[in-house]
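First the structure, which I've put down as C-alpha coordinates, then a few questions once you've had a look.
When the chains are written out, they are named A, B and C in that same order, and each has its own residue count from 1.
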Amino acid sequence: MTPDQILTPILDWLDLAGVAVFALTGALVAARLNQTFVTMAFFALVTGVGGGTVRDLLIGAPVFWMQDPWVASVCFGVALIAWFTPQRWWEGDGIEYADAAGLAAYAVLGSAKAFAFGVALVPAAVMGVVTGCVGGIIRDLVAGRPSIIMRPELYVTAAAFGATLCVIGLSLRIEQTVVWSVAALAGFTLRAAAIRFGWA
Amino acid sequence: MTPDQILTPILDWLDLAGVAVFALTGALVAARLNQTFVTMAFFALVTGVGGGTVRDLLIGAPVFWMQDPWVASVCFGVALIAWFTPQRWWEGDGIEYADAAGLAAYAVLGSAKAFAFGVALVPAAVMGVVTGCVGGIIRDLVAGRPSIIMRPELYVTAAAFGATLCVIGLSLRIEQTVVWSVAALAGFTLRAAAIRFGWA
Amino acid sequence: MTPDQILTPILDWLDLAGVAVFALTGALVAARLNQTFVTMAFFALVTGVGGGTVRDLLIGAPVFWMQDPWVASVCFGVALIAWFTPQRWWEGDGIEYADAAGLAAYAVLGSAKAFAFGVALVPAAVMGVVTGCVGGIIRDLVAGRPSIIMRPELYVTAAAFGATLCVIGLSLRIEQTVVWSVAALAGFTLRAAAIRFGWA
(Lines give C-alpha, C1' and ligand atoms only; values in the text may rest on other atoms or scores of the structure.)
Protein backbone atom coordinates (compact mmCIF):
# COMPACT_ATOMS: atom_id res chain seq x y z
CA MET A 1 0.00 0.00 0.00
CA THR A 2 1.18 3.51 -0.71
CA PRO A 3 1.46 6.10 2.09
CA ASP A 4 -1.69 7.65 0.64
CA GLN A 5 -3.76 4.54 1.12
CA ILE A 6 -2.69 4.00 4.70
CA LEU A 7 -2.93 7.53 6.00
CA THR A 8 -5.62 9.14 3.91
CA PRO A 9 -8.77 8.12 5.82
CA ILE A 10 -7.55 9.32 9.22
CA LEU A 11 -5.67 12.34 7.96
CA ASP A 12 -8.61 13.51 5.86
CA TRP A 13 -10.87 13.75 8.90
CA LEU A 14 -8.25 15.63 10.89
CA ASP A 15 -7.81 17.89 7.88
CA LEU A 16 -11.51 18.66 7.73
CA ALA A 17 -11.76 19.51 11.44
CA GLY A 18 -8.67 21.71 11.31
CA VAL A 19 -9.93 23.35 8.13
CA ALA A 20 -13.22 24.33 9.81
CA VAL A 21 -11.58 25.86 12.87
CA PHE A 22 -9.01 27.81 10.89
CA ALA A 23 -11.66 28.90 8.38
CA LEU A 24 -13.64 30.34 11.28
CA THR A 25 -10.68 32.40 12.51
CA GLY A 26 -10.25 33.70 8.96
CA ALA A 27 -13.92 34.61 8.59
CA LEU A 28 -13.86 36.41 11.95
CA VAL A 29 -10.88 38.55 10.93
CA ALA A 30 -12.83 39.64 7.84
CA ALA A 31 -15.95 40.22 9.95
CA ARG A 32 -14.05 42.50 12.33
CA LEU A 33 -12.87 44.51 9.33
CA ASN A 34 -16.53 44.90 8.23
CA GLN A 35 -15.98 43.09 4.99
CA THR A 36 -18.51 41.68 2.52
CA PHE A 37 -19.53 38.04 2.45
CA VAL A 38 -17.30 37.29 -0.53
CA THR A 39 -14.27 38.60 1.32
CA MET A 40 -15.25 36.58 4.39
CA ALA A 41 -15.52 33.46 2.25
CA PHE A 42 -12.11 34.21 0.73
CA PHE A 43 -10.53 34.61 4.17
CA ALA A 44 -12.22 31.46 5.46
CA LEU A 45 -10.85 29.49 2.52
CA VAL A 46 -7.32 30.90 2.55
CA THR A 47 -6.95 30.46 6.30
CA GLY A 48 -8.57 27.03 6.26
CA VAL A 49 -6.55 25.46 3.47
CA GLY A 50 -3.44 27.69 3.25
CA GLY A 51 -1.14 25.67 5.48
CA GLY A 52 -2.04 22.26 4.08
CA THR A 53 -1.80 23.59 0.54
CA VAL A 54 1.75 24.87 0.98
CA ARG A 55 2.69 21.57 2.67
CA ASP A 56 1.30 19.52 -0.22
CA LEU A 57 3.07 21.66 -2.82
CA LEU A 58 6.37 21.35 -0.98
CA ILE A 59 6.25 17.59 -0.41
CA GLY A 60 4.99 16.90 -3.93
CA ALA A 61 1.57 15.57 -2.91
CA PRO A 62 -1.60 16.40 -4.86
CA VAL A 63 -3.17 19.43 -3.16
CA PHE A 64 -5.61 17.89 -0.68
CA TRP A 65 -8.72 19.97 -1.43
CA MET A 66 -8.64 19.81 -5.22
CA GLN A 67 -10.20 16.39 -5.77
CA ASP A 68 -12.27 16.67 -2.60
CA PRO A 69 -15.76 18.14 -2.92
CA TRP A 70 -16.02 18.85 0.83
CA VAL A 71 -13.08 20.94 1.98
CA ALA A 72 -13.87 24.16 0.10
CA SER A 73 -17.58 23.69 0.86
CA VAL A 74 -16.85 23.40 4.59
CA CYS A 75 -14.93 26.71 4.43
CA PHE A 76 -17.81 28.45 2.69
CA GLY A 77 -20.30 26.91 5.11
CA VAL A 78 -18.25 28.23 8.01
CA ALA A 79 -18.21 31.67 6.36
CA LEU A 80 -22.02 31.52 6.04
CA ILE A 81 -22.38 30.64 9.72
CA ALA A 82 -20.04 33.46 10.70
CA TRP A 83 -21.98 35.84 8.45
CA PHE A 84 -25.40 35.06 9.95
CA THR A 85 -24.43 34.86 13.60
CA PRO A 86 -23.53 37.76 15.93
CA GLN A 87 -19.80 38.31 16.31
CA ARG A 88 -19.98 38.21 20.12
CA TRP A 89 -20.84 34.49 19.91
CA TRP A 90 -17.31 33.95 18.72
CA GLU A 91 -15.50 36.25 21.07
CA GLY A 92 -14.00 35.01 24.31
CA ASP A 93 -11.60 32.17 24.84
CA GLY A 94 -13.54 29.32 23.23
CA ILE A 95 -12.35 30.14 19.74
CA GLU A 96 -8.77 30.49 20.99
CA TYR A 97 -8.78 27.00 22.45
CA ALA A 98 -10.39 25.60 19.31
CA ASP A 99 -7.63 27.27 17.31
CA ALA A 100 -5.07 25.71 19.67
CA ALA A 101 -6.58 22.28 19.00
CA GLY A 102 -6.51 22.91 15.25
CA LEU A 103 -2.91 24.10 15.45
CA ALA A 104 -1.80 20.99 17.34
CA ALA A 105 -3.73 18.62 15.05
CA TYR A 106 -2.31 20.29 11.95
CA ALA A 107 1.24 20.32 13.25
CA VAL A 108 1.09 16.56 13.84
CA LEU A 109 -0.84 15.82 10.67
CA GLY A 110 1.51 17.91 8.55
CA SER A 111 4.69 16.33 9.83
CA ALA A 112 3.20 12.81 9.66
CA LYS A 113 2.13 13.30 6.05
CA ALA A 114 5.54 14.69 5.12
CA PHE A 115 7.21 11.74 6.88
CA ALA A 116 4.98 9.33 4.97
CA PHE A 117 6.07 10.98 1.71
CA GLY A 118 9.75 10.34 2.45
CA VAL A 119 10.71 13.84 3.52
CA ALA A 120 13.85 14.01 5.72
CA LEU A 121 13.37 14.47 9.48
CA VAL A 122 14.11 18.17 9.94
CA PRO A 123 12.08 19.33 6.92
CA ALA A 124 9.27 16.95 7.97
CA ALA A 125 9.03 18.75 11.32
CA VAL A 126 9.09 22.05 9.43
CA MET A 127 6.15 20.83 7.33
CA GLY A 128 4.15 20.41 10.55
CA VAL A 129 4.83 24.02 11.51
CA VAL A 130 4.00 25.16 7.96
CA THR A 131 0.71 23.26 8.00
CA GLY A 132 -0.27 24.77 11.33
CA CYS A 133 0.88 28.35 10.82
CA VAL A 134 0.94 29.34 7.14
CA GLY A 135 -2.83 29.75 6.77
CA GLY A 136 -2.83 32.28 9.60
CA ILE A 137 0.22 34.05 8.21
CA ILE A 138 -1.40 34.52 4.78
CA ARG A 139 -4.64 35.66 6.48
CA ASP A 140 -2.75 38.30 8.46
CA LEU A 141 -0.64 39.46 5.50
CA VAL A 142 -3.69 39.97 3.27
CA ALA A 143 -5.61 41.68 6.09
CA GLY A 144 -2.63 43.98 6.73
CA ARG A 145 -2.30 42.82 10.35
CA PRO A 146 0.97 42.00 12.14
CA SER A 147 1.33 38.30 11.43
CA ILE A 148 1.24 35.59 14.13
CA ILE A 149 4.90 34.94 13.44
CA MET A 150 5.77 38.44 14.69
CA ARG A 151 3.60 38.43 17.82
CA PRO A 152 5.34 37.53 21.10
CA GLU A 153 3.21 34.49 21.86
CA LEU A 154 3.94 30.80 22.16
CA TYR A 155 2.19 30.01 18.88
CA VAL A 156 4.76 28.84 16.37
CA THR A 157 6.67 27.30 19.26
CA ALA A 158 3.71 25.12 20.23
CA ALA A 159 3.38 23.90 16.63
CA ALA A 160 7.13 23.23 16.49
CA PHE A 161 6.94 21.26 19.76
CA GLY A 162 4.14 18.99 18.55
CA ALA A 163 5.67 18.50 15.10
CA THR A 164 9.11 17.68 16.52
CA LEU A 165 7.72 15.10 18.96
CA CYS A 166 5.75 13.54 16.09
CA VAL A 167 8.78 13.22 13.83
CA ILE A 168 10.99 11.86 16.61
CA GLY A 169 8.33 9.31 17.55
CA LEU A 170 7.77 8.17 13.98
CA SER A 171 11.51 7.91 13.27
CA LEU A 172 11.85 5.66 16.37
CA ARG A 173 9.10 3.46 14.84
CA ILE A 174 6.79 3.90 17.81
CA GLU A 175 3.14 2.95 17.12
CA GLN A 176 1.56 5.70 14.94
CA THR A 177 -1.59 6.34 16.95
CA VAL A 178 0.45 6.68 20.15
CA VAL A 179 2.82 9.14 18.50
CA TRP A 180 0.02 11.21 17.03
CA SER A 181 -1.96 11.40 20.27
CA VAL A 182 0.99 12.27 22.49
CA ALA A 183 2.42 14.84 20.07
CA ALA A 184 -0.92 16.55 19.45
CA LEU A 185 -1.70 16.63 23.16
CA ALA A 186 1.73 18.09 23.94
CA GLY A 187 1.38 20.81 21.31
CA PHE A 188 -2.16 21.64 22.48
CA THR A 189 -1.16 21.74 26.14
CA LEU A 190 1.68 24.17 25.47
CA ARG A 191 -0.52 26.47 23.40
CA ALA A 192 -3.43 26.25 25.84
CA ALA A 193 -1.14 27.08 28.76
CA ALA A 194 0.15 30.10 26.81
CA ILE A 195 -3.44 31.29 26.31
CA ARG A 196 -4.47 30.56 29.91
CA PHE A 197 -1.48 32.14 31.63
CA GLY A 198 -0.70 34.83 29.07
CA TRP A 199 2.77 33.41 28.34
CA ALA A 200 4.78 35.40 25.88
CA MET B 1 -6.95 13.14 -26.24
CA THR B 2 -5.86 14.53 -22.93
CA PRO B 3 -7.49 17.69 -21.48
CA ASP B 4 -4.31 19.50 -22.44
CA GLN B 5 -4.61 18.69 -26.12
CA ILE B 6 -8.23 19.78 -26.36
CA LEU B 7 -8.11 23.00 -24.40
CA THR B 8 -4.60 24.26 -24.88
CA PRO B 9 -4.92 26.19 -28.17
CA ILE B 10 -7.93 28.24 -27.12
CA LEU B 11 -6.93 28.68 -23.51
CA ASP B 12 -3.42 29.76 -24.46
CA TRP B 13 -4.71 32.71 -26.44
CA LEU B 14 -7.06 33.78 -23.67
CA ASP B 15 -4.14 33.43 -21.28
CA LEU B 16 -1.96 35.70 -23.37
CA ALA B 17 -4.59 38.45 -23.65
CA GLY B 18 -5.34 38.31 -19.92
CA VAL B 19 -1.63 38.29 -19.16
CA ALA B 20 -1.08 41.49 -21.14
CA VAL B 21 -3.91 43.40 -19.47
CA PHE B 22 -2.96 42.34 -15.97
CA ALA B 23 0.71 43.00 -16.69
CA LEU B 24 -0.24 46.54 -17.64
CA THR B 25 -2.06 47.14 -14.35
CA GLY B 26 1.00 45.84 -12.53
CA ALA B 27 3.40 48.06 -14.47
CA LEU B 28 1.19 51.09 -13.81
CA VAL B 29 1.19 50.50 -10.05
CA ALA B 30 5.00 50.49 -10.17
CA ALA B 31 4.99 53.60 -12.37
CA ARG B 32 2.81 55.49 -9.88
CA LEU B 33 5.29 54.59 -7.15
CA ASN B 34 8.11 56.06 -9.30
CA GLN B 35 9.93 52.79 -9.57
CA THR B 36 12.76 51.75 -11.88
CA PHE B 37 12.21 49.78 -15.07
CA VAL B 38 13.32 46.53 -13.44
CA THR B 39 10.72 46.92 -10.72
CA MET B 40 8.08 47.74 -13.34
CA ALA B 41 9.00 44.59 -15.24
CA PHE B 42 8.81 42.58 -12.02
CA PHE B 43 5.35 43.95 -11.25
CA ALA B 44 4.17 43.39 -14.82
CA LEU B 45 5.27 39.76 -14.65
CA VAL B 46 3.94 38.98 -11.17
CA THR B 47 0.56 40.57 -11.87
CA GLY B 48 0.36 39.04 -15.34
CA VAL B 49 1.16 35.45 -14.46
CA GLY B 50 0.48 35.28 -10.70
CA GLY B 51 -3.10 34.03 -10.80
CA GLY B 52 -2.54 31.43 -13.50
CA THR B 53 0.64 30.24 -11.80
CA VAL B 54 -1.07 29.59 -8.48
CA ARG B 55 -3.93 27.85 -10.34
CA ASP B 56 -1.52 25.56 -12.21
CA LEU B 57 0.39 24.68 -9.03
CA LEU B 58 -2.84 23.86 -7.21
CA ILE B 59 -4.40 21.70 -9.94
CA GLY B 60 -1.11 19.92 -10.68
CA ALA B 61 -0.67 21.29 -14.21
CA PRO B 62 2.74 22.33 -15.55
CA VAL B 63 3.06 26.09 -14.93
CA PHE B 64 1.77 27.64 -18.16
CA TRP B 65 4.54 30.16 -18.85
CA MET B 66 7.56 27.91 -18.23
CA GLN B 67 7.73 26.10 -21.56
CA ASP B 68 6.23 29.06 -23.41
CA PRO B 69 8.67 31.58 -24.88
CA TRP B 70 5.95 34.25 -25.25
CA VAL B 71 4.20 34.85 -21.93
CA ALA B 72 7.11 36.35 -19.99
CA SER B 73 8.17 38.30 -23.09
CA VAL B 74 4.68 39.80 -23.42
CA CYS B 75 4.87 40.97 -19.80
CA PHE B 76 8.24 42.62 -20.36
CA GLY B 77 7.02 44.17 -23.63
CA VAL B 78 4.05 45.63 -21.77
CA ALA B 79 6.42 46.99 -19.12
CA LEU B 80 8.52 48.60 -21.89
CA ILE B 81 5.43 50.23 -23.39
CA ALA B 82 4.33 51.52 -19.98
CA TRP B 83 7.87 52.83 -19.38
CA PHE B 84 8.07 54.83 -22.61
CA THR B 85 4.54 56.23 -22.69
CA PRO B 86 3.10 59.01 -20.51
CA GLN B 87 1.12 57.74 -17.52
CA ARG B 88 -1.91 59.86 -18.39
CA TRP B 89 -2.46 57.70 -21.47
CA TRP B 90 -3.39 54.93 -19.10
CA GLU B 91 -5.49 56.86 -16.66
CA GLY B 92 -9.24 57.07 -16.99
CA ASP B 93 -11.72 54.25 -17.28
CA GLY B 94 -10.29 52.44 -20.32
CA ILE B 95 -7.80 50.46 -18.31
CA GLU B 96 -10.47 49.60 -15.73
CA TYR B 97 -12.72 48.08 -18.37
CA ALA B 98 -9.80 46.19 -19.92
CA ASP B 99 -9.02 44.85 -16.45
CA ALA B 100 -12.68 43.84 -16.10
CA ALA B 101 -12.44 41.93 -19.38
CA GLY B 102 -9.24 40.23 -18.24
CA LEU B 103 -10.80 39.36 -14.90
CA ALA B 104 -13.85 37.76 -16.56
CA ALA B 105 -11.77 35.87 -19.14
CA TYR B 106 -9.41 34.57 -16.45
CA ALA B 107 -12.22 33.54 -14.10
CA VAL B 108 -13.77 31.43 -16.86
CA LEU B 109 -10.45 30.14 -18.17
CA GLY B 110 -9.26 29.21 -14.70
CA SER B 111 -12.36 27.28 -13.72
CA ALA B 112 -12.56 25.56 -17.14
CA LYS B 113 -8.94 24.43 -16.94
CA ALA B 114 -9.44 23.16 -13.37
CA PHE B 115 -12.60 21.32 -14.49
CA ALA B 116 -10.67 19.76 -17.38
CA PHE B 117 -8.04 18.52 -14.91
CA GLY B 118 -10.67 16.68 -12.86
CA VAL B 119 -10.95 19.14 -9.98
CA ALA B 120 -14.24 18.92 -8.01
CA LEU B 121 -16.92 21.55 -8.71
CA VAL B 122 -16.53 23.92 -5.77
CA PRO B 123 -12.72 24.03 -5.89
CA ALA B 124 -12.91 24.41 -9.70
CA ALA B 125 -14.97 27.58 -9.26
CA VAL B 126 -12.45 28.72 -6.65
CA MET B 127 -9.67 28.19 -9.21
CA GLY B 128 -11.43 30.69 -11.48
CA VAL B 129 -11.44 33.30 -8.73
CA VAL B 130 -7.80 32.50 -7.92
CA THR B 131 -6.78 32.88 -11.57
CA GLY B 132 -8.55 36.23 -11.83
CA CYS B 133 -7.61 37.78 -8.50
CA VAL B 134 -4.34 36.38 -7.13
CA GLY B 135 -2.05 38.31 -9.49
CA GLY B 136 -3.58 41.57 -8.29
CA ILE B 137 -3.41 40.48 -4.65
CA ILE B 138 0.32 39.71 -4.88
CA ARG B 139 0.87 43.01 -6.73
CA ASP B 140 -0.85 44.95 -3.96
CA LEU B 141 0.89 43.05 -1.15
CA VAL B 142 4.35 43.67 -2.58
CA ALA B 143 3.52 47.31 -3.31
CA GLY B 144 2.26 47.76 0.26
CA ARG B 145 -1.23 48.80 -0.93
CA PRO B 146 -4.54 47.61 0.54
CA SER B 147 -5.28 44.56 -1.57
CA ILE B 148 -8.28 44.29 -3.94
CA ILE B 149 -9.72 41.65 -1.65
CA MET B 150 -10.09 44.27 1.11
CA ARG B 151 -11.58 47.07 -1.00
CA PRO B 152 -15.38 47.41 -0.95
CA GLU B 153 -15.89 46.84 -4.66
CA LEU B 154 -17.61 44.16 -6.67
CA TYR B 155 -14.33 42.68 -7.89
CA VAL B 156 -13.90 39.24 -6.40
CA THR B 157 -17.67 38.86 -6.58
CA ALA B 158 -17.66 39.40 -10.36
CA ALA B 159 -14.94 36.75 -10.76
CA ALA B 160 -16.88 34.36 -8.51
CA PHE B 161 -20.05 34.95 -10.56
CA GLY B 162 -18.36 34.14 -13.89
CA ALA B 163 -16.47 31.16 -12.51
CA THR B 164 -19.57 29.68 -10.85
CA LEU B 165 -21.65 29.99 -14.03
CA CYS B 166 -18.85 28.34 -15.97
CA VAL B 167 -18.57 25.36 -13.63
CA ILE B 168 -22.35 24.89 -13.46
CA GLY B 169 -22.60 25.02 -17.26
CA LEU B 170 -19.74 22.55 -17.78
CA SER B 171 -21.09 20.14 -15.16
CA LEU B 172 -24.47 20.18 -17.00
CA ARG B 173 -22.54 19.21 -20.15
CA ILE B 174 -23.68 22.29 -22.08
CA GLU B 175 -21.61 23.08 -25.20
CA GLN B 176 -18.22 24.51 -24.09
CA THR B 177 -18.09 27.62 -26.26
CA VAL B 178 -21.60 28.60 -25.14
CA VAL B 179 -20.70 28.17 -21.50
CA TRP B 180 -17.47 30.14 -21.84
CA SER B 181 -19.08 33.04 -23.69
CA VAL B 182 -22.08 33.38 -21.39
CA ALA B 183 -20.03 33.05 -18.20
CA ALA B 184 -17.35 35.50 -19.32
CA LEU B 185 -19.98 38.01 -20.49
CA ALA B 186 -21.85 37.73 -17.20
CA GLY B 187 -18.71 38.27 -15.13
CA PHE B 188 -17.65 41.21 -17.30
CA THR B 189 -21.11 42.81 -17.17
CA LEU B 190 -21.22 42.65 -13.38
CA ARG B 191 -17.74 44.15 -13.01
CA ALA B 192 -18.35 46.80 -15.69
CA ALA B 193 -21.61 47.83 -14.02
CA ALA B 194 -19.74 48.13 -10.71
CA ILE B 195 -17.19 50.44 -12.37
CA ARG B 196 -19.84 52.45 -14.23
CA PHE B 197 -22.23 52.97 -11.34
CA GLY B 198 -19.71 52.94 -8.51
CA TRP B 199 -21.28 49.87 -6.85
CA ALA B 200 -19.67 48.86 -3.65
CA MET C 1 22.14 11.13 -17.89
CA THR C 2 19.27 13.30 -16.72
CA PRO C 3 19.80 17.01 -15.99
CA ASP C 4 19.58 16.10 -12.31
CA GLN C 5 22.53 13.73 -12.45
CA ILE C 6 24.79 16.16 -14.24
CA LEU C 7 24.05 19.30 -12.31
CA THR C 8 23.08 18.12 -8.86
CA PRO C 9 26.51 17.78 -7.19
CA ILE C 10 27.71 21.26 -8.12
CA LEU C 11 24.39 22.99 -7.78
CA ASP C 12 23.75 21.44 -4.36
CA TRP C 13 26.90 22.97 -2.92
CA LEU C 14 26.11 26.38 -4.37
CA ASP C 15 22.61 26.00 -2.96
CA LEU C 16 23.92 25.28 0.52
CA ALA C 17 26.29 28.27 0.54
CA GLY C 18 23.58 30.61 -0.75
CA VAL C 19 21.11 29.18 1.74
CA ALA C 20 23.44 29.96 4.66
CA VAL C 21 24.06 33.57 3.62
CA PHE C 22 20.41 34.32 2.96
CA ALA C 23 19.38 32.55 6.16
CA LEU C 24 21.71 34.87 8.05
CA THR C 25 20.13 38.01 6.57
CA GLY C 26 16.72 36.61 7.56
CA ALA C 27 17.80 35.84 11.11
CA LEU C 28 19.29 39.34 11.46
CA VAL C 29 16.04 41.01 10.39
CA ALA C 30 14.25 39.05 13.12
CA ALA C 31 17.01 39.92 15.62
CA ARG C 32 16.63 43.63 14.89
CA LEU C 33 12.90 43.30 15.58
CA ASN C 34 13.72 41.72 18.97
CA GLN C 35 12.03 38.47 18.11
CA THR C 36 12.20 35.09 19.86
CA PHE C 37 14.47 32.29 18.69
CA VAL C 38 11.61 30.46 17.01
CA THR C 39 10.78 33.51 14.91
CA MET C 40 14.47 33.93 14.04
CA ALA C 41 14.62 30.31 12.93
CA PHE C 42 11.47 30.82 10.84
CA PHE C 43 12.96 33.88 9.16
CA ALA C 44 16.27 32.13 8.57
CA LEU C 45 14.48 29.24 6.89
CA VAL C 46 12.06 31.30 4.78
CA THR C 47 14.79 33.64 3.57
CA GLY C 48 17.25 30.81 3.01
CA VAL C 49 15.04 28.49 1.00
CA GLY C 50 12.25 30.79 -0.27
CA GLY C 51 13.72 31.64 -3.66
CA GLY C 52 14.85 28.13 -4.56
CA THR C 53 11.53 26.71 -3.37
CA VAL C 54 9.48 28.96 -5.64
CA ARG C 55 11.85 28.15 -8.52
CA ASP C 56 11.50 24.40 -8.01
CA LEU C 57 7.70 24.61 -7.81
CA LEU C 58 7.55 26.68 -11.00
CA ILE C 59 9.88 24.50 -13.08
CA GLY C 60 8.33 21.27 -11.80
CA ALA C 61 11.41 20.02 -9.93
CA PRO C 62 11.14 18.31 -6.52
CA VAL C 63 11.62 21.01 -3.89
CA PHE C 64 15.35 20.89 -3.19
CA TRP C 65 15.32 20.83 0.62
CA MET C 66 12.64 18.19 1.15
CA GLN C 67 14.72 15.04 0.65
CA ASP C 68 17.86 16.76 1.89
CA PRO C 69 18.63 16.46 5.61
CA TRP C 70 21.09 19.38 5.54
CA VAL C 71 19.43 22.46 4.09
CA ALA C 72 16.88 23.11 6.84
CA SER C 73 19.47 22.19 9.48
CA VAL C 74 21.92 24.72 8.05
CA CYS C 75 19.24 27.43 8.33
CA PHE C 76 18.54 26.55 11.94
CA GLY C 77 22.27 26.38 12.71
CA VAL C 78 22.68 29.85 11.25
CA ALA C 79 19.77 31.07 13.39
CA LEU C 80 21.48 29.58 16.46
CA ILE C 81 24.73 31.37 15.63
CA ALA C 82 22.89 34.66 15.10
CA TRP C 83 21.06 34.13 18.40
CA PHE C 84 24.21 33.57 20.47
CA THR C 85 26.47 36.21 18.91
CA PRO C 86 26.23 39.99 19.36
CA GLN C 87 24.40 41.75 16.54
CA ARG C 88 27.26 44.20 15.97
CA TRP C 89 29.37 41.32 14.66
CA TRP C 90 27.05 41.23 11.70
CA GLU C 91 26.71 44.92 11.07
CA GLY C 92 28.87 46.73 8.58
CA ASP C 93 29.49 45.89 4.97
CA GLY C 94 30.70 42.29 5.31
CA ILE C 95 27.23 40.84 5.40
CA GLU C 96 26.18 43.01 2.45
CA TYR C 97 28.96 41.65 0.28
CA ALA C 98 28.20 38.09 1.37
CA ASP C 99 24.58 38.71 0.41
CA ALA C 100 25.79 40.04 -2.97
CA ALA C 101 27.76 36.83 -3.50
CA GLY C 102 24.72 34.74 -2.56
CA LEU C 103 22.52 36.77 -4.87
CA ALA C 104 24.86 36.31 -7.83
CA ALA C 105 25.35 32.58 -7.16
CA TYR C 106 21.60 32.03 -6.83
CA ALA C 107 20.76 34.02 -9.95
CA VAL C 108 23.13 31.85 -12.00
CA LEU C 109 22.18 28.62 -10.27
CA GLY C 110 18.47 29.31 -10.65
CA SER C 111 18.61 30.09 -14.35
CA ALA C 112 20.96 27.16 -15.05
CA LYS C 113 18.66 24.72 -13.25
CA ALA C 114 15.62 26.07 -15.11
CA PHE C 115 17.53 25.80 -18.41
CA ALA C 116 18.46 22.20 -17.57
CA PHE C 117 14.76 21.43 -16.96
CA GLY C 118 13.82 22.63 -20.44
CA VAL C 119 12.36 26.01 -19.49
CA ALA C 120 12.31 28.56 -22.34
CA LEU C 121 14.99 31.27 -22.38
CA VAL C 122 13.14 34.29 -21.01
CA PRO C 123 11.40 32.40 -18.19
CA ALA C 124 14.72 30.65 -17.40
CA ALA C 125 16.34 34.05 -16.80
CA VAL C 126 13.32 35.01 -14.69
CA MET C 127 13.88 31.87 -12.60
CA GLY C 128 17.36 33.16 -11.78
CA VAL C 129 15.93 36.43 -10.51
CA VAL C 130 13.23 34.55 -8.57
CA THR C 131 15.81 32.28 -6.94
CA GLY C 132 17.92 35.27 -5.91
CA CYS C 133 15.21 37.67 -4.77
CA VAL C 134 12.06 35.87 -3.63
CA GLY C 135 13.45 34.74 -0.26
CA GLY C 136 14.21 38.35 0.63
CA ILE C 137 10.85 39.54 -0.64
CA ILE C 138 8.95 37.04 1.56
CA ARG C 139 11.19 37.96 4.51
CA ASP C 140 10.39 41.65 4.09
CA LEU C 141 6.65 41.05 3.55
CA VAL C 142 6.29 38.96 6.71
CA ALA C 143 8.42 41.43 8.70
CA GLY C 144 6.27 44.31 7.45
CA ARG C 145 9.28 46.09 5.88
CA PRO C 146 9.35 47.73 2.44
CA SER C 147 10.51 44.89 0.23
CA ILE C 148 13.82 44.86 -1.67
CA ILE C 149 11.86 45.07 -4.90
CA MET C 150 10.60 48.54 -3.88
CA ARG C 151 13.92 49.99 -2.69
CA PRO C 152 15.85 52.14 -5.16
CA GLU C 153 18.94 49.95 -5.26
CA LEU C 154 20.61 47.90 -7.95
CA TYR C 155 19.54 44.63 -6.37
CA VAL C 156 17.05 42.91 -8.65
CA THR C 157 18.95 44.42 -11.58
CA ALA C 158 22.18 42.71 -10.54
CA ALA C 159 20.37 39.37 -10.32
CA ALA C 160 18.75 39.95 -13.71
CA PHE C 161 22.15 40.79 -15.22
CA GLY C 162 23.81 37.59 -13.98
CA ALA C 163 20.83 35.40 -14.89
CA THR C 164 20.55 36.86 -18.39
CA LEU C 165 24.26 36.36 -19.11
CA CYS C 166 23.95 32.78 -17.88
CA VAL C 167 20.98 31.95 -20.11
CA ILE C 168 22.57 33.59 -23.16
CA GLY C 169 25.82 31.71 -22.57
CA LEU C 170 24.10 28.35 -22.10
CA SER C 171 21.89 28.85 -25.17
CA LEU C 172 25.04 29.53 -27.23
CA ARG C 173 26.38 26.18 -25.95
CA ILE C 174 29.44 27.76 -24.34
CA GLU C 175 31.21 25.54 -21.78
CA GLN C 176 29.09 25.45 -18.59
CA THR C 177 31.75 26.26 -16.03
CA VAL C 178 32.87 29.29 -18.07
CA VAL C 179 29.31 30.56 -18.36
CA TRP C 180 28.61 30.10 -14.66
CA SER C 181 31.80 31.80 -13.52
CA VAL C 182 31.51 34.78 -15.84
CA ALA C 183 27.80 35.31 -15.16
CA ALA C 184 28.14 35.01 -11.38
CA LEU C 185 31.15 37.33 -11.36
CA ALA C 186 29.31 39.90 -13.48
CA GLY C 187 26.25 39.85 -11.23
CA PHE C 188 28.40 40.08 -8.09
CA THR C 189 30.49 42.95 -9.50
CA LEU C 190 27.40 44.98 -10.36
CA ARG C 191 25.85 44.46 -6.92
CA ALA C 192 29.16 45.08 -5.12
CA ALA C 193 29.71 48.31 -7.04
CA ALA C 194 26.20 49.41 -6.08
CA ILE C 195 26.99 48.77 -2.41
CA ARG C 196 30.44 50.40 -2.60
CA PHE C 197 29.42 53.54 -4.49
CA GLY C 198 25.85 53.83 -3.18
CA TRP C 199 24.35 53.47 -6.67
CA ALA C 200 20.59 53.75 -6.77
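Brief remarks follow.
Please note the rule applied: a residue touches a chain if its C-beta (ideal position, glycine included) is under 8 Å from a C-beta of that chain, and two chains touch if they have at least 3 such contacts.
The shown structure was predicted, so the numbers you read here are calculated from the model rather than taken from an experiment.
Chain contact topology: the protein chains form a complete graph, every chain touching every other one. Overlaying the C-alpha trace of chain A on that of chain C calls for a turn of 120°, given as a multiple of 5. Chain C has its Cα centroid 29 Å from the Cα centroid of chain B. For chain A, the set of residues touching two or more other chains reads 57, 141. Chain A meets chain C in the complex at residues 57-60, 114, 118-123, 126, 129, 137, 141, 146-147, 149-150, 152, 156-157, 160. By the touch rule above, chain C contacts chain A in their complex via residues 33, 35-36, 38-39, 42, 45, 53, 57, 62-63, 65-69, 71-73, 76, 141-144.
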